[in-house]
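Per-chain residue numbering starts at 1, and chain names A, B, C and D are given in the order in which the chains are listed.
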Amino acid sequence: MKKLINKPDDVVTEALQGLAAAHADLVRVQFNPNVIVRADAPVQGKVGLVSGGGSGHEPMHGGFVGLGMLDAACPGEVFTSPTPDQMLDATKAVNGGAGVLHIVKNYTGDVMNFEMAADLAGGENIEVEAVVIDDDVAVQDSLYTAGRRGVGTTVLAEKICGAAAEEGRSLAEVAELCRKVNANGRSMGMALTSCIVPAAGKPTFELGDDEMEIGIGIHGEPGRERVKLAPAGEIVERLTAPIVEDLPFEQGDQVLAFVNGMGGTPLIELYLVYNDLNRFLGERGITITRNLVGPYITSLEMAGCSITLLRLDDELTRLWDAPVKTAGLRWAT
Amino acid sequence: MVDVAETEKASGRMSLGHDDVLRWIRAFAAEVEANKEQLTQLDSAIGDGDHGINMQRGMSAVLVKVDATGEESDIGALLKTVGMTLVSTVGGAGGPLYGTLFMQMGMAVSGKEELSSDDWAAALEAAVTGVQARGKAEPGDKTMIDALIPGRDALKAALAEGATFEDALRQSADAADQGMRDTVPLVARKGRASYLGERSAGHQDPGATSSHLLLEAAAETWGRPGQAR
Amino acid sequence: MKKLINKPDDVVTEALQGLAAAHADLVRVQFNPNVIVRADAPVQGKVGLVSGGGSGHEPMHGGFVGLGMLDAACPGEVFTSPTPDQMLDATKAVNGGAGVLHIVKNYTGDVMNFEMAADLAGGENIEVEAVVIDDDVAVQDSLYTAGRRGVGTTVLAEKICGAAAEEGRSLAEVAELCRKVNANGRSMGMALTSCIVPAAGKPTFELGDDEMEIGIGIHGEPGRERVKLAPAGEIVERLTAPIVEDLPFEQGDQVLAFVNGMGGTPLIELYLVYNDLNRFLGERGITITRNLVGPYITSLEMAGCSITLLRLDDELTRLWDAPVKTAGLRWAT
Amino acid sequence: MVDVAETEKASGRMSLGHDDVLRWIRAFAAEVEANKEQLTQLDSAIGDGDHGINMQRGMSAVLVKVDATGEESDIGALLKTVGMTLVSTVGGAGGPLYGTLFMQMGMAVSGKEELSSDDWAAALEAAVTGVQARGKAEPGDKTMIDALIPGRDALKAALAEGATFEDALRQSADAADQGMRDTVPLVARKGRASYLGERSAGHQDPGATSSHLLLEAAAETWGRPGQAR
């Protein structure tokens, strides 16, 4: 295991200490239970936005705490959803009287822990709504299963809902918007290499030198299929065709295209992928009007990428463009 | 200190005291520690490779917690503490599920300082109900439920047929073991393994495996060791 | 070789096409010879800032073209300095009448190509100054050798000089400032794994599972020494002690601390490294007043990090804080 | 078409025409192509592993360029074109250095349609001077200079001693070969290899290797093949 760490058990704590030291202007970090809170929380009268999940996906979620995005993030152990007490503390810390929205990625653990936290918050008379993001088309959707995973659309939902909350919209409105983003966003990812969970010390899965995993999640969960390595153009097609078919995205649609790096893939490759994506969509009459290219929802040092498309309308576009000031995303402020 | 429960057990009459329950919890923690690698390995195959790590982190926190909680005799309170500690230290799916399991057990025997075999059966019943309420899993979904339900049913059936508590515990653990093994061919419908669809078949469910350890620890602590397998 | 690419020979072109498509609001990309130019170049009356170097270090330099930073970047082939005709085209494109500064990393190839370009630009009556960045303390400095490499300080110099140019300072002043940044900046890097140059198809060097390379450059050049893997805290010490001794940085100094990812190292590890760095400097009475944590000057998919310290004064701090709007760095705009 | 230079060479009288120079350039391109892997390998050991790739890219661009440049007889112009093409396609250290090498050669024989052996010596002299002016390397710095200078000196000495052009070219190539080999123990002081300090010793310099190929190509094209080594 080759990592820049000290002890595997201390990775999350030490990284949080680093984050706290680096971004004291943006966030406060509370330890045990671990919560990253916007420096000026609670913002009175504003709906508070809380998300969280396992660590190892940085900058998500801690890097998205700040003006125009999240009010708090709950970092769990690596790839392990955080606990209800973290979420409860976060919820209390950001409640400015207008209620709190929990943005939850659809993993059994995340969902159950957030549910327990919402119950606890309810007991303290804080109004909480939860929206579950489940945008990963690699997973068969079904009422009888856990359903789809939440992946790339989460980042977009946090940004867009953060802007709406900043505008003073009500909890119900922000939650509704979050559901709208989820309804219009679809993702799929792939891996060239495995990641290594520090506490496990070895790769979660083994891939041959000429293999890749298509439809992978963000925790090294096996994907939809393991196939021979292919050129980027083909990979883009394999990821994007199911995305486009699923919603479906149609000729004339305007989209936000998000090419996400899994952590171990350099930016030069992501731009190359973006180029292939741009061509693929162009051929189908789908226009990219906004984009995001970079490692934003990662899986430790996994090499690979995911593609997320979000169908835009004027409202979503405007909220995407609104000011944001976080460690991970920052513009127009 | 004379171990009352040991004496009673030898005499055939069944009653679990606070210390007995504590011994079971310690035994479970020891099983988790000993099987941490295996649980993680199983979870790597169809999940995210942290089940052993998570459960081990949770159970060591539990040990610290119960050691710090000095004199106490309310078994219900003990179990609730275990549950709450798991909820706040495990995270993932395991945290709420095992947390709920112990908390519901605690509620079922709230205030009791001694448990009869029926109390234990009731506690296990409550545990399973709680886990199902929390996780919405049905038998055959390839989850811990697939070890817990056979374990609960075997215990109830054995007791109903007049078996000794020791025998009933052994049958419960063995049924959980079988249930765990039976998860291998299943296609997961709940939890992280469900994302794999058909690819989840052919692997044993990690949560069912840890749940078997839980019931096996009870059988070994309060009853008899199982046959070496 | 596991990469998200099509043909090895097309990597640079396709990545540039992706960059052009993604950031049309910020930059124009010209092909053959390849140049990335600020969308509104030339800015009349402003000193033009041009940098360049091999590709594979993204976001540097193309991701730093925009308001408050570079006016143009010349991307060479992967790890190969660009050619004089690229630099000449860039220089002409950004000349707003106030002259052009070439910010050159100290590699023989970069230096010679920029020299030839400056000669050519002189022939076209464009005033050009060049400042060579040579901040890598892993390399022995000497008059008789090629001297030190230019690494992390380059990013800081581009940002700070970009702000100064934006303020309307003269070419001589901006060049002087650039030399000041270089004089006050020191860096050192390390690698956990090698990178793979697409056209070469295999790792530039081989490292054992328990080895790391200390004092590595940004092209997979071997470093100062190959040693056994160590905890992050020790790595930070091995990198930072030579940096601190070299300038030297002293008790009471205020610094910008830049923890840079080499391309394959995830953010969680960089924050952990930042935490160790913060402690290390704190113990020596050196205060971090500004910081930058992330992959900004990379070496393809190499895992590892580099640390750069820049001694700050009020001027440098103010210019660092000034607005910047590029694909890779953006704030306060 | 009768190859005039071939005829002259056979007769012992020496004169290189435009076509001869072109044959040498093609031969160098072929050598670079054939040794691309080795050059890159050498550069991986003490540099950044691109020397073969860069030179190959440059020389293929040169071939395209000279093919496109139809009828022409000015050897100086040809060499300048080669140099300019290398400058604008190779990049790195190799681009300006080899670019300068050819451009300076071209200046030295500007306007000539035939080269005598002395012209060639003068061209090589100018090439070396140009490379040194551009790169500031001294002999022993572990650069291409360490192959070029012995190659130039051996050529001059052989011609001064009245050797045939063929013999002089062979001695020049062999001296470059020796110079290239002699770079192995050197500690680099210029170029990327200098960053390694002592660690650069024990490796052959890639630039010296490609420079040997350049002079070897001349000997093979215009003189005699060397002994198999």
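Methods note: contacts are C-beta pairs under 8 Å (C-beta built on N, C-alpha and C of every residue); 3 or more make two chains touch, one makes a residue touch a chain.
Values in this document were obtained by computation on a predicted structure and should not be read as measured data.
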Open item on the list: Applying the touch definition from the top, give me the chains sitting in contact with each of chain C and chain D.
Closed with: none
Open item on the list: Treat touching chains as neighbours: how many steps, at the fewest, connect chain B to chain D?
Closed with: 3
Task: Centroid comparison with chain C (C-alpha atoms), farthest chain - done: B
- [ ] State, to the nearest whole Å, the distance from the C-alpha centre of chain A to the C-alpha centre of chain C.
- [x] 29
Task: Between chain A and chain B, centroid-to-centroid distance (C-alpha), Å - done: 33
TODO: Give, as an integer number of Å, the spacing between the C-alpha centres of chain D and chain A.
DONE: 56
Open item on the list: Touching at least two other chains at once: which residues of chain B meet that condition?
Closed with: none
Open item on the list: How are the chains arranged in terms of who touches whom: line, ring, star, complete or other?
Closed with: line
TODO: Return all touching chain pairs.
DONE: A-B, A-C, C-D
Open item on the list: Under the definition above, what is the set of chain C residues touching chain D in their complex?
Closed with: 33, 54, 76-85, 107-109, 112-113, 115-116, 136, 138-140, 142, 144-146, 149, 197, 199-200, 204-205, 217, 219-222, 224
TODO: In the complex, go through chain B and note every residue touching chain A.
DONE: 40, 44-50, 53-54, 57, 87-97, 134-135, 188-192, 194-197, 199
- [ ] Enumerate the contact residues on chain C facing chain A in the complex.
- [x] 2-7, 11-12, 14-19, 21-22, 55-56, 58-59, 63, 192-193, 209, 212, 229, 231-233, 235, 263-276, 278, 288, 291, 293, 295, 298, 300-301, 303-305, 325, 330-333
